[in-house]
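Presented sequentially are two complexes of subunit A, the first with subunit B as partner and the second with subunit C.
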Partner chain A sequence: MTDVVMIPRPAGHATRCTGGVLVAAVLIFSLIGPLAVPGDPFAQSLMKALSGAEPGAPLGYDHLGRSIFHRLAHALRLSPAIAIAAVLTAGLGGLVLGTWAAARGGWTDRILTTLADALLALPGLLLVLIVLAIVPGTALGFWAGLSLVLWVEFFRLSRAATHEVLASPAVQATRLLGFGPTYVFRTHIWPEIAPMMLTAAAFGTATAIMVIAALGFVHVGMRAPTPELGLMMVELLPYWREAPMALLSPVIATFALLLGLTLLAGSRET
Partner chain B sequence: MNTLMTRAIQALMVAVLIGAATFAMMRALPGDAAYRIAAGRYGYDNVDTAAADAVRDELGLGGPALPAFLGWLGDLLRLDFGTSLVTGQPVIEEIGHQLGASMALAGVAVLLSLILGPPLGILAGLRPGGVLDRVLLVVSTGLKAVPQFLMALILILILSVQFRLLPAAGHGEARHFILPALALALGLAAVNARIARDAMARIGAMPFYSFAQWMGLSPRQTLWRHGLRNVSVPLLTYLGLQFVTLVEGVVVVEAVFGWPGIGHALVHAIFSRDVPMVQGTALCLGLSFVLINTLIDLVTQRIDPRRAA
Partner chain C sequence: MSLLKAEDITVSQGGTPILHPVSLHLEPGEPLVILGETGSGKSLLAQAIMGTLPRDLTARGRVALGDHLLDAARPGGFRPLWGRQIAVLPQEPWLSLDPLMRAERQVTEAHHLVRGLGAAEAQAQAASDLNHLGLTGAGQRYPHELSGGMAQRVAIAAARAGGARIVIADEPTKGLDAARRDEVADLLLAELARGGGLLVITHDLALARRIGGQMIVLREGRVVEAGATASVMSAPTQAYTRDLIAADPENWAPRKPAAAGLPILTATGLAAERGGTRLFSDLSFDLTEGRILGITGPSGCGKSTLGDVVLGLTGASAGRVEKAAGLTATAFQKLYQDPVAAFPRHQTLGRTLADVARRHGQPETRIDTLMPRLGLAPALLTRRPGAVSGGELQRLALLRLLLVRPKVIFADEPTSRLDPITQKQVIDLLCETATAEGCAIMLVSHDPALVARTADHVLSLGPAAANADVTAPRVVGALQ
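Moving on, here comes the complex of A and B:
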């Protein structure tokens, strides 16, 4: 009588491994690439503009005769570095505030939750744009703006999980035995939150990279000589017919990185 | 009523947050805001100290911070957005012009995503693990990893540059809608389809669903009477949350396709440091998120009365 329909979750482990391999491949390319083939992402030689691959520039040259290989490698260091810095800040902030709100309850909880709800109503892109206009320095602005956007997700996750764990009999027993809040956090709360935080971190990194690239693409992010994924795409777009590979390399790299991060995050519970 | 109260507080907080953010933006502008605004008004070649001073006096850009901030919030809460620093037109009028274009684009995109996504998701959810289900999983995962600007780029390259089927930019005719709306809709549809599929698979596995079929209803009748209403609740809820993604998409896609909407205006306003304009557009977007989600709360309570209890 048990004809339970098996709902196939996407094969968790295999999916995550594929994602991990993709992300690792992109990062290895960006870190090792310029060591294997030395070159300068800013050096121009207009004679070679839009010409094809050669040993010194395995992906050819862009419209100003700069090596696409080296520009791409630099771009793939810049965005993930900003994204990871923002995710770490946001994750730490969200974790601290979330557990604090859940543990304290009352007005602390109410104020922080209202703040998080209000931030949720604002498009992240918009906040990042406003912060970019306030903070001097584009990379710093991206870091601050993205941290401001991303902490909400971490806050909500850790608040909900902490709330649930603190109400459990296990925590009550621990408290009766006389253990302090640090012990409760380490043995009860953190093991519950940790896997969720990793998923949220992968999603957050993907979001951050998307935002940086999207703003670069519409000319309001990183400034021109800096190699950045979105900026490279929009610079090379007019030369699509002459040099399709020049445009496709940042496109493919961005897609691989984002796909890898999405797979690494796994499926989110709906 | 509790829902409405929570949403009202959220709306108020949104207004205060945007007020604080735009005020900080006004105060902390790198360089002299007066020069930038003067440049925006008179053109870069006609800016001199006199013009900048005139702008500074007119807008009260000097002076202490706290009273200015309170006055700023007061204006905001009275919905007095002031005039655009660049065009000199009231912000309300400017937004009124642009909001229509944006809403048309967003509406077409949502409609398109609802035509593409949920039907496929429901079909896949009726046979979990089937061929369609597996293909849909791969396609939607792939689509989710493509940001909207990249989708726009790919669509432009394929449909308008290579095959010359559709215009890459422009506004006014029906065919100008297709590319920007599609760029937005594909990403939304990928998520919609997954939500619909998960909900359908969950509901299809429930005892009441099998019971409806044992009563002698055909699969079509079962789906129509017992499936769709249940699937629509998570779908609608998620659609409300996706609004933020949609707005972000609209900002980027409008900038890429040169669509004269609110997102385009916002990017320009931030670029030229037109703070009242930024404030007006941001508030408009934030409040419409709250409004849409309030409506969706009310509608889902009608569809599924268990939620109201």
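Moving on, here comes the complex of A and C:
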């Protein structure tokens, strides 16, 4: 018998809930926060540099006297937006190319697999940097570069799963009954790979956010004064002794977001 | 004196009894067969006698093994007897041998470690065991270099090396074709002739008949009938046993030969190969409306490949397949060996059937009219393939094919995973379909008796065909 009884594990359920709550908390903070406490992430007031929390700036001020609360909320909209856009593009591209390669086989499959393997051999950060140098506009560059790095994962997953599904008697039976490729994709392939794709998407989003933050941290990503997680960390690093909370705010927010996404991805049985 | 005596063995799971009191005794030289369908509790009975039940099941009862008295509720007491008093021949023994150890070494190990012979003595004994079983010279081979039958003999030698007088064989013929099944039965009986006890657990009536001795028929954890195998098989007293024995292909009434209808397909001089090996060649046959073509042969002889060629899924390496004019591609359909694997597993069966009906312009009411005809309850349509029994699912698979109004159905071992009674239902429905729908059926089976009583023509494939006991009305196909 090939069917495996899937018993939902209580531990997996708890993990998924924790992950969901963490991600939701971060998103609520970034979307609702600035509405609850209006403010400008770019407004400077040097008199207040590195001073503590007050009603108009619940997380205090940075070294240039800008509200950390509003900068953080802005940053937490920017990175996930780029990451999600890149994951959607990469996921769609990887899915289409992966199923196409598995279904066609032969040269189509060989060329696409070689291309994917070649991209996999390049360091992802380097690839994003190269695209950033070519494409005008930092956000657009990140989107293009991350999509180029991330599609390989989706391609490999969907190609392997489709290959297996297409070889099964169930698909043979469906084809003998006169159904076309669209029906085969909808009833056999998609239900099989959808859970895997969701897992890969959660991991991919975490990776993308990490890449944006890492490049921001080494001053080759987003340009100041754009609020961005990595950039905020490196700007506040020299003042860790005077204003530890100012530095810790972006660190904690990034950590919570990445942990949440990883828990969401890891708790799924694929 | 009895070799083994078990009294009032019961097995329960969390307070719910799943095996009701069973008593049995095993005499030297007289085999005991426990016969039952899947889920009848026959394997649980054996496990209770050996003390190998899964943790969540509890057994009760007394077991007397030679001069040891044991309590079935305390499985720990059985452990010292394993291999020394009581040996188990595992299901599919060729999978239970160590793939990285030579055959003779595996037997030597049991002599050395279980029986406690010295190294040199154990080796000499192992070599003599293998000679005795006709495995001279095979001792230095690895399991993958042995044929299935040879691997089974090595497994028997290893199981017996500890000096056990009682051998318990659990479904020893699972997955074997007719010729290999008889070989295993003879092997078990040969072991018995050396003065041991033999307990065989099976659902295979042919094996039971060949083993003989005493028999216990189990159903849903209760003894239905017990007695000498020969008399139970020839004159069963209980209705269930009668059904079970009547469901054995050996006892089926031969099907009335169908009148030849219009020709659907003519194959001439077909040949096919797989991985460079010629599977069959020069095969010629006709398919006509309402007739059943039986195909037999040992596993790996190209039965499924022949089906793929006829269905147009692969090309033949030689020969022609001519189809009657006006047949669409969907007139050629296949019934699979494992029905669970042939349905989309993420979708309810009702949805799948409705999709097929819509694709072929059939009203959905046709599903509702076919359901009772195939003996299926409407509630099944709300389930997924994994939650339906094999027999029901195979009938649903047949229903799915009927929605297409096929002209040829290639049935690839459609009942090899089903119990005898379910097997008879499915085959009967298949025969009815041939007559009622006027389609040609290619019925593949490793069971020559089943094919002989069902098919209008028989095509035997493969080198072992000469040994197979095919008594069919007519043989149209040429052998390799």
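Convention: the second predicted complex is superposed on the first by the 256 of 270 C-alpha atoms of A that agree within 3 Å, B and C clash if a C-alpha of one lies under 4 Å from a C-alpha of the other, contacts with A are read in each partner's own complex, and residues count from 1 in each chain.
In this section, contacts are C-beta pairs under 8 Å (C-beta built on N, C-alpha and C of every residue); 3 or more make two chains touch, one makes a residue touch a chain.
All of these numbers come straight from a predicted model, not from anything done at the bench.
J.: Would you mind checking which one, subunit B or subunit C, touches more residues on subunit A?
T.: The partner with more contacted residues on subunit A is B.
J.: Is A:A133 touching the first partner subunit B, the second partner subunit C, both, or neither of them?
T.: Touch partner of A:A133: subunit B, not subunit C.
J.: Let me test your reading of the model: by the given contact rule, A:E192 touches which partner, first (subunit B), second (subunit C), both or neither?
T.: Second partner only.
J.: Looking at A:L176, would you say it contacts subunit B, subunit C, both, or neither? Reply first, second, both or neither.
T.: second
J.: Quick check on the superposed pair: does A:F42 touch subunit B, subunit C, both, or neither? Answer first, second, both or neither.
T.: The answer is neither, since A:F42 touches no partner chain.
J.: Regarding the shared-chain residue A:A214, is it in contact with subunit B (first), subunit C (second), both, or neither?
T.: Touch status of A:A214: first partner only.
J.: Which subunit A residues are contacted by subunit C in one complex and by subunit B in the other?
T.: Subunit A residues touching both partners: 5.
J.: Going by the contact rule set out above, which residues of subunit B touch subunit A in the complex?
T.: Within the complex, subunit B contacts subunit A at residues 6, 9-10, 13-14, 16-18, 21-22, 24-25, 28-30, 128-129, 133, 137, 141-142, 144-150, 153-154, 157, 161, 194-195, 198-199, 201-202, 204-205, 234, 238, 244, 247-248, 251-252, 255-256, 266-267, 270-271, 273, 278, 282, 285-286, 289-290, 293.
J.: Quick one: in the complex, what on subunit C touches subunit A?
T.: Contact set of subunit C toward subunit A: 311, 313, 328-330, 332-334, 336, 338, 340-347, 352, 355-356, 359-360, 385-386, 397, 400-401, 404.
J.: If we count contacts the way the header does, which residues on subunit A are in touch with subunit C in the complex?
T.: Where subunit A meets subunit C, its residues are 1-3, 5, 168-170, 172-174, 176-179, 183, 187-188, 191-192.
J.: Name, in rising order, each residue of subunit A that touches subunit B in their complex.
T.: Checking each residue of subunit A against subunit B gives 4-8, 10, 114-115, 117-127, 129-136, 206, 210, 213-214, 217-218, 220, 230, 233, 237, 240-241, 247, 251, 254-255, 258-259, 261-263, 270.
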